[in-house]
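Please read through the structure below; I'll follow up with questions.
In order of appearance the chains are A, B, C and D, and numbering begins at 1 in each one.
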Amino acid sequence: MQDVQSGMPEFPLPIDRVGVKNLKLPLLVQDRLHGQQHTVADVDLCVDLPGEFKGTHMSRFLESLSHWSKVLTYESIKELLAEIIHRLEAQKALLRFDFPYFYSRRTPVSGHEFLMDYKSFLAGEFSMGEIRMTQGVEVPVMTVCPCSLAISKQGAHSQRAYVKIKCGYKGLLWLEELIDTGMSAGSSPVYPLLKREDEKYVTDEAFANPTFVEDVVRCVAFSLSRHPRIIWYEVEVESFESIHNHSAYATITGRGKH
Amino acid sequence: MQDVQSGMPEFPLPIDRVGVKNLKLPLLVQDRLHGQQHTVADVDLCVDLPGEFKGTHMSRFLESLSHWSKVLTYESIKELLAEIIHRLEAQKALLRFDFPYFYSRRTPVSGHEFLMDYKSFLAGEFSMGEIRMTQGVEVPVMTVCPCSLAISKQGAHSQRAYVKIKCGYKGLLWLEELIDTGMSAGSSPVYPLLKREDEKYVTDEAFANPTFVEDVVRCVAFSLSRHPRIIWYEVEVESFESIHNHSAYATITGRGKH
Amino acid sequence: MQDVQSGMPEFPLPIDRVGVKNLKLPLLVQDRLHGQQHTVADVDLCVDLPGEFKGTHMSRFLESLSHWSKVLTYESIKELLAEIIHRLEAQKALLRFDFPYFYSRRTPVSGHEFLMDYKSFLAGEFSMGEIRMTQGVEVPVMTVCPCSLAISKQGAHSQRAYVKIKCGYKGLLWLEELIDTGMSAGSSPVYPLLKREDEKYVTDEAFANPTFVEDVVRCVAFSLSRHPRIIWYEVEVESFESIHNHSAYATITGRGKH
Amino acid sequence: MQDVQSGMPEFPLPIDRVGVKNLKLPLLVQDRLHGQQHTVADVDLCVDLPGEFKGTHMSRFLESLSHWSKVLTYESIKELLAEIIHRLEAQKALLRFDFPYFYSRRTPVSGHEFLMDYKSFLAGEFSMGEIRMTQGVEVPVMTVCPCSLAISKQGAHSQRAYVKIKCGYKGLLWLEELIDTGMSAGSSPVYPLLKREDEKYVTDEAFANPTFVEDVVRCVAFSLSRHPRIIWYEVEVESFESIHNHSAYATITGRGKH
């Protein structure tokens, strides 16, 4: 059968990245407390393509995945990148896994445990003999508005905000580290389960600690900028303001201590 | 050219609704204050199809639209439904327009005016000589938790909640009526623009009027159940709890006074 | 601490459904071939609320879940519904789990196996001593346009379409049965991995079997209407037309043989 | 009333961008053929914030918008950026408007005209006395697979693909130029309305011109790299493969002739 992909393209430009996107897969990810956890990921796999080839061979990405362990670790990502480089005869390979990550939270007073989900991703890029890892997580927090608190008779508007952290790193970086960093930067963490005594505690704590999105983004950036295994970071905070129908937003990018 | 659509289907079952979905179109909708306003709609158009025809003629929906005024009124909906019935030789025709609707809000103290957007829809169905109209809108409000307020030292968690109203009606029903009904059922309306003095007012008002999703859904249902032009209604309230990563939800369906 | 929820509401209307929405949870679902599979679900839990109570106790839904096995079977759904009824002192309880379900597909010629994901849900309702189960799945298929095929020199436009099946049933109904029914109703199933010889096979098969959305929806409805354990069904087919920027759509609702 | 925002932050880091996001607004955009067209935009407005201020004044973004013409041109963007810089006492201001843009397409044979929608955006950044403009559009096209066409008995799989173009530019760049560039790079443009003779024409044309995502992305990149007013560009092509449940994807970034 004809191998159309190996023919000459009309415009022989090199392609930065070509591959498959939005492939769903069940897999195991590393869990600091339990070793591993089951989740479901959206997978993107790409390679570069030189100007002289018309097309890449898309089915080979799937074949690489099908021989892969489906356990997401630094080692297995390295193996998958190498396999893709080999099967697709590429110089550069990139992969990204987006998945919900579950982390157990204990309620502050009643002591119930329950799982919280955090949108997370892990990405790797192989290029020029080197692997670059990127990791990210989205952490919901509660913010109490300092301005509203200062000027109102009683109370202050509060809302759910999302802290989105993305960073390049070397060595082992636990998602739990990023989650803890994000979680402690708002007025209060959010919880899946709160009994009445917990709700009182959370409200009291949050109102003792009012934060603008500016405060949250700075607090996270400050932590990340001192982290020994982080190379670069991007923090975004988006707060779904309870007094508006739009969001308040702040972002800082910077460098860590690696 | 062959008319494949008019052939016999393998399984001659009547089809309830067949047509086009997610067609985008700029159009004019009725505005109580200004007569008309420009917006952009997602359009769905459908007909029934008897068991003996293999397919409907999809391009005729577009032809019907292309001869249509693109001004969304009861009269123009009637004309479009009649045109679809005629062009597609159908017994039944349905249409639905989903669009953002803009309604000017005045800040409570400083008196600034600014447009707020509300996700809205208008749908019509022609069947057995009769037209049935449905209308809906999604109204953001602020809710302050009555339980958190009663038990906490200071403050209470608040959040943005959405009141989704859907109803069948006869005669003229303004989107503004539904929006006003939804808006006044929370602890406070939300606003696009709030100066400091407005923010104080809104916070004070919201904390003087704490509401559960249960309170909000009941307040809206009570209003709609007494409305002379409403035949049936469905109200849903979804609150993006600021202390959780999930929503609180409540819904009531009922009948109006028509 | 004050139990605000047990107070009197301002508008003492009974609430049809009140509860929590969009809670994420890892769990095990039944798998016809392997017994069980790991997945991640979005969970909604609701009860009814009589007119005389101001609010339900939202944290009890989470407590019910936290004592639950996290294995999704008819038996465990029954237990969870009973637990919710008991903990929330309700007459009616509803739950719904939405999750990606993975089902292994073998390529038609080269014989590779790979997992395909299908958006699925399982819902249960307890009311008046009876449990009503609902199940649904979204099956991607390929459709080749019969009209385009009949009138063109060569080829015909094809596209990805989604068959959405929803049904009430009694007894055991495997998701795999619904998936197989949807999958075989298009011009061809879709596959995660296709080698060149498979791609030829799939293209040849699809062009030998052109289908409109009308054909697909009827074929599925015909199957479901003869199914001994299905009480009622709703089938929707939405085709992301490759020649348009909108969808073609068809839907049939009907009754099964139970 | 206290101006909390002007206080000192706990972590005095400068913030790259802070502002409001996802504000909806009706406005007028430039149209090459008709001068102007009405649409609805999602608006993001941001400034930088020095390390010594706790918070920005979010309401001033809305005030800037409320004094603005709501006609989107290079001149009005410049004015709005200047107004934001002034009102928020910032060094840097950024804005972005995302909106559906409508462009009339004539069917190739029957000659009907109908509007097609294209997801578009226009962004401006003021920094160090200079304004940098960015523009983007998402263009749906039809792709016929060259491999499937070469190896199959009859036909080939085709699908809808989206060409996403983003570029920095100087001077006047019409959205229509970007749309035309994207539209002509696939196997065929897509159309809102096609009569049977048009459908034949489109199918014939598409099958005479099979394209991989690689071909499409290169064709667009080639055009943009020769454009005299484009400084840099990014092209992404995502094809919703009709034989798979995932996408094929390719991207090229490069520099124009400005």
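General observations
What we mean here is this: contacts are C-beta pairs under 8 Å (C-beta built on N, C-alpha and C of every residue); 3 or more make two chains touch, one makes a residue touch a chain.
Bear in mind that the values here come from a model prediction, so they are computed numbers and not experimental data.
Ranking all chains by how far their C-alpha centres lie from the centre of chain D, first place goes to C. Remark: chain B and chain C have CA centroids separated by 25 Å (rounded to whole angstrom). Annotation: 35 Å between the Cα-based centres of chain C and chain D. In chain C, the positions touching at least two other chains are 1, 23-24, 117, 147, 151, 192, 194, 196, 200, 245-246.
If you draw each protein chain as a dot and join the dots that touch, every dot ends up joined to every other dot.
Contact residues on chain D toward chain B in their complex (touch as defined above): 1, 3, 23-26, 37-40, 59, 62-63, 65-66, 100, 102, 112-115, 117, 192-197, 200. In the complex of the two chains, the chain D residues touching chain C come out as 116-117, 140, 142-145, 147-149, 151-160, 188, 190-192, 194, 196, 199-200, 202-204, 206-207, 240-246.
Across the interface of their complex, chain C is touched by residues 1-2, 4-5, 9-24, 44, 46, 49, 54-56, 58, 146-147, 150-151, 212-215, 217-219, 221-222, 225, 238, 245-254 of chain B.
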